[in-house]
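First subunit A sits with subunit B, and in the next complex the same chain sits with subunit C.
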Partner chain A sequence: MSRSFLFVPGDVPRMLQNAAVFDADTVIVDLEDSVSITRKEDARHLTDAFLRRHPDATTPHYVRINPLGSDDFKTDVKLVCALPASGVVMPKVTVDALQRLDQLFSAEKCRLDVYGIVESARAFTEIHAIAAHRLIKGLILGAEDLSADLGITPGLGNETLEHAMASLVLAAKAFAKEAVDSPCVSVADDERLQEEITRALRMGFTGKACIHPNHVDAVNRAFLPDEKALLKARRIYEKSRELQSVRFALDGEMIDKPVIERAKALIARAERYRKRGPSA
Partner chain B sequence: MKTVYRNLDDVFAAANIESGASLSFHHHLRDGDAVFNAVAEMLLKRKTEHLSLFPSSVFPCHTGLLQLLEKGAVHNLTTNYISGSVARHLGMHGLSGTLTMQSHGGRARALIAKESKVDVAFIAAPAVDREGNVTGTLGKAACGSLGYGVEDAIHADRVVALTDTVLERIEAPQIPGKHIDEIVVVERIGAASGIMSGTTHPTEDPVGVKIARSAYTLIRTLGLIEDGFSFQTGAGGISLAVNAHMHRHLREHHVKAAFISGGITRYHVKMLEEGLVDRLYDVQCFDTDAIRSLRENERHIAISASDYANPDNPKRVIKDLGVVILGAAEVDLEFNVNVTTDSYNNIIGGSGGHSDTAEDAAVTIIVAPLLRGRTPLITNKVTTVTTPGKDVDCLVTERGIAINARRRDLIDRCRRNGVDVMTIQELMETAHAFSGVPKKKVYKGRAYGVVHDRRGEPLDRLYTKR
Partner chain C sequence: MTAIVVGTLESSDCMITLSASDTLKIDLESIVYDAFHAQITQVIKKTLQKEGLHNVRVLCQDKGALDYTIEARMKTAIAKYREANEDES
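Presenting the complex of A and B:
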């Protein structure tokens, strides 16, 4: 599970070269929105060379392909299947698109994990089927495109958008998949970034996408369990082992099995991220 | 009362400035300085030759120096830093005599020791009173501290203050009137926009942000931030980003630093005003907030270059410096640092206070990108040694930290606290994985310059490009 997903344009050598230095848990090399239509081929060429020559064992590298229905979809899938990439990020995900992707994977004899970007009203009508799909590792909210589709202004406090966010989290969690919040588009507005992170945590997202490297650290820090919560989780876990029980009182609070499971998950998450090293 | 002249002609006549003269200048008006060019115009008009010039730094605005060089009028040039067209000219054509690149502390030491013998010091003086007292905090071209001009005024045979602001009385002058021989009133001594050319902000470049965060983590891990510690970050973008981390740390952990030294910016002033640092020792102001603070806050103290960094001065501020953050154009496997030339042998700056602070600070940290485009930072041997590796402790890049093997204590502290340390060789190889191994071009044209350490010992030579 990743806290931060950093998008990097596939056609900018300097940014590709530095993609792994910002401590993002996952890097997403982008062939879609950040690459102009005239540079798609350049981006594929550069992404190919970059991932072949600089495979980074410590950071998963995914490739965001162009969507089903675009001229580039098939070419992108073929490319990614031939690369040492960790998987695919699929924009405008639908069940149909996943099935088509699955067919292409079979034809190319490859099987890669997929993060689906949920960014249309239609996708929300089938979000459980999307979340349940065998290829899907996680769902990423595409708030900008979704807002355009819905005719709303994206931003904090929009009820429709927050309803969609909650739906995405519920669907992802129902099928044990990751729920990833949309990136903050205000590049230099730290306050806005913090508000978005706080909301994402409150709503149950497991991570957040970033379109600027300077956002990664704040996301990593926020999604790392805080020391106080971790301390309590350790005490709960240790007491459950000591008592060999899933029901007991601690500090005047009743502890039962779900609380213990949550404590174990928190400890595991903290251990996992600690191994990745502190972001700062 | 001092003699007040209205033009430089009279001063040149009175001071008998002619061919073979040694003249000095300070650089506090930076890229807005009009004083050097006014003097250069006189030197050109009088067809003087075989000059020895001692500007503390040279900026792109110093076109008068370029003209003197093109006429072959300058025999020796002794300075701490060069940028702009003068740098390009020297790299191509050299000098008939010698270019000597000193550090700020080394310049002060050489003036005091009379190794740099100056006939006339021209002091750009933002405000002067009738007694010749000079301050940099008042006047149309206020620039704050005059730290790099103080030793010139004390040790030159004759001292001329050029000003555009004459006041009735200056309390607490930075240069007392007893050192000033003549005052020349001119229309203007500097352009405000150029004077503030040192104004910089914490970097927002993601690579720089990452380096700054790693440097702060290193400083914290080494346990260097504690009540009464001291540091110097200068005014570079990455350094100021480190400063921002330090600022937040001091505020959140209720720690108070004893002092910050060197070049002072608004960011350092804010820390003083928030009570997070006890004193600012200011040898150079970089912006209007720093100038205002120096004028108003008694804990913001102007110091001379000698009190800042002269190795022979036992009271120099930086001997008590805890941590210094410095930049680099190149670093080699011996941790030697080059901030004087680029890898094509073009002059790009000079030591300033780099080698001074590196030698004196308890911990010297270099912050720099491992790759600039396709050019790796680390090389087998730097093109020019500005600061010897024996004085450099840590190198922080976006792809890792290397610590000089001489500092086993720092390496152990990092490892104990879970901070990864690479060897400098490993860091170089990491860069080469992206850039390939660059072919080093060795420039051995005519040797025309020498880089001195702060005691006047040669560290390296400068060669023309052909």
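Presenting the complex of A and C:
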């Protein structure tokens, strides 16, 4: 499970080769929105050469392909299947698009994990089927495109957007998948970034996408369990083992099975991130 | 036919200009010419050889690109060069 997902344009060598420096848990090499229509081939060649020559075993590298329906979809899938990439990030995900991707994977004899970007009203009508799909590792909210599709202004406090966020989290959690918040588009507004991170944590997201390297550290730190919560989780877990019970009182609070399970998950998450780079 | 230009003059990148020629000609302008001109020329030659293209003029304006970038830009230039040639023939 990753906390931060850093998008890097697939056509900018300086950004590709420096991406690992920022300690994002996952790097997403982008062939879609950050690459102009006239430079798709350039980006594919560069991504191909970069991932073959600089395999980074410590940071998963995914590739955001162009969406189903675009001229580049099939070529992008073929490329990614031939690369040492961790998986695919699929924009404008739908059940149809996943089925087509699955067919192409079979034809190429490859099987990669997929993060689907949920960014259309239609995708939300089938979000449970998307989350349940065997290829899907996680769902990423695409707040900008979704807002355009809905005719709303993206931002904090928009009820429709927050309803969509909650639906995405519920669907992802129902099928044990990751729920990743949309990136903060205000590159130099730290306050806005913090507000978005706080909201994402409160709503149950497991990570957040970043389109600027400066956002990675704040996201990594925020998605680490805080020390106080971790200490309490350890006490709960230890007491349940000591008593061999899933029902007991601790500090005047009733502890039962779901609380113990939550404590175990928190400890596991802290352990996982403790082994990673400096910001963890 | 018109020359094909790919890549950029941004840091860590290179701009490749490919044009028709009777023989293979490689011109290199690089911010690290003294230290790396032989290595860069080798990457260009190897990529041309792998792609089976022999009689072209290559101008490489390098801003500190690593080998993988030079190879990728060359591959794109060759693909676009061939496409343009097919269109013209």
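Observations
To be clear about the criterion, the second predicted complex is superposed on the first by the 279 of 280 C-alpha atoms of A that agree within 3 Å, B and C clash if a C-alpha of one lies under 4 Å from a C-alpha of the other, contacts with A are read in each partner's own complex, and residues count from 1 in each chain.
Here is the rule we go by: contacts are C-beta pairs under 8 Å (C-beta built on N, C-alpha and C of every residue); 3 or more make two chains touch, one makes a residue touch a chain.
It should be emphasised that the depicted structure is a prediction, and the values quoted were computed from it without experimental measurement.
Using the contact criterion defined above for the overlaid structures, shared-chain residue A:54 touches subunit B and also reaches subunit C. In the superposition on chain A, A:214 makes contact with subunit B only, while subunit C stays out of contact range.
By the document's definition of touching, of the two partners only subunit C reaches A:12; subunit B does not. Using the contact criterion defined above for the overlaid structures, shared-chain residue A:21 touches subunit B, although it does not reach subunit C. In the superposition on chain A, A:188 makes contact with subunit B only, not with subunit C.
In the superposition on chain A, contact of A:41 is made with subunit C only, not with subunit B.
Residue overlap on subunit A between the subunit B contacts of one complex and the subunit C contacts of the other covers 14, 17, 54. The touching residues of subunit A, counted against subunit B in their complex, run 14, 17-18, 21-23, 54, 188, 212-214, 217, 277-280. Residues 204, 206-207, 209-210, 213-214, 216-217, 371, 373, 398-399, 418, 420, 433-434 of subunit B are the ones touching subunit A in the complex. Taken in their complex, subunit C has these residues touching subunit A: 6-7, 10-13, 65-69, 71-73, 75-76, 79-80.
Listing the residues of subunit A that touch subunit C in their complex gives 12-14, 17, 41-42, 45-46, 48-50, 52-54.
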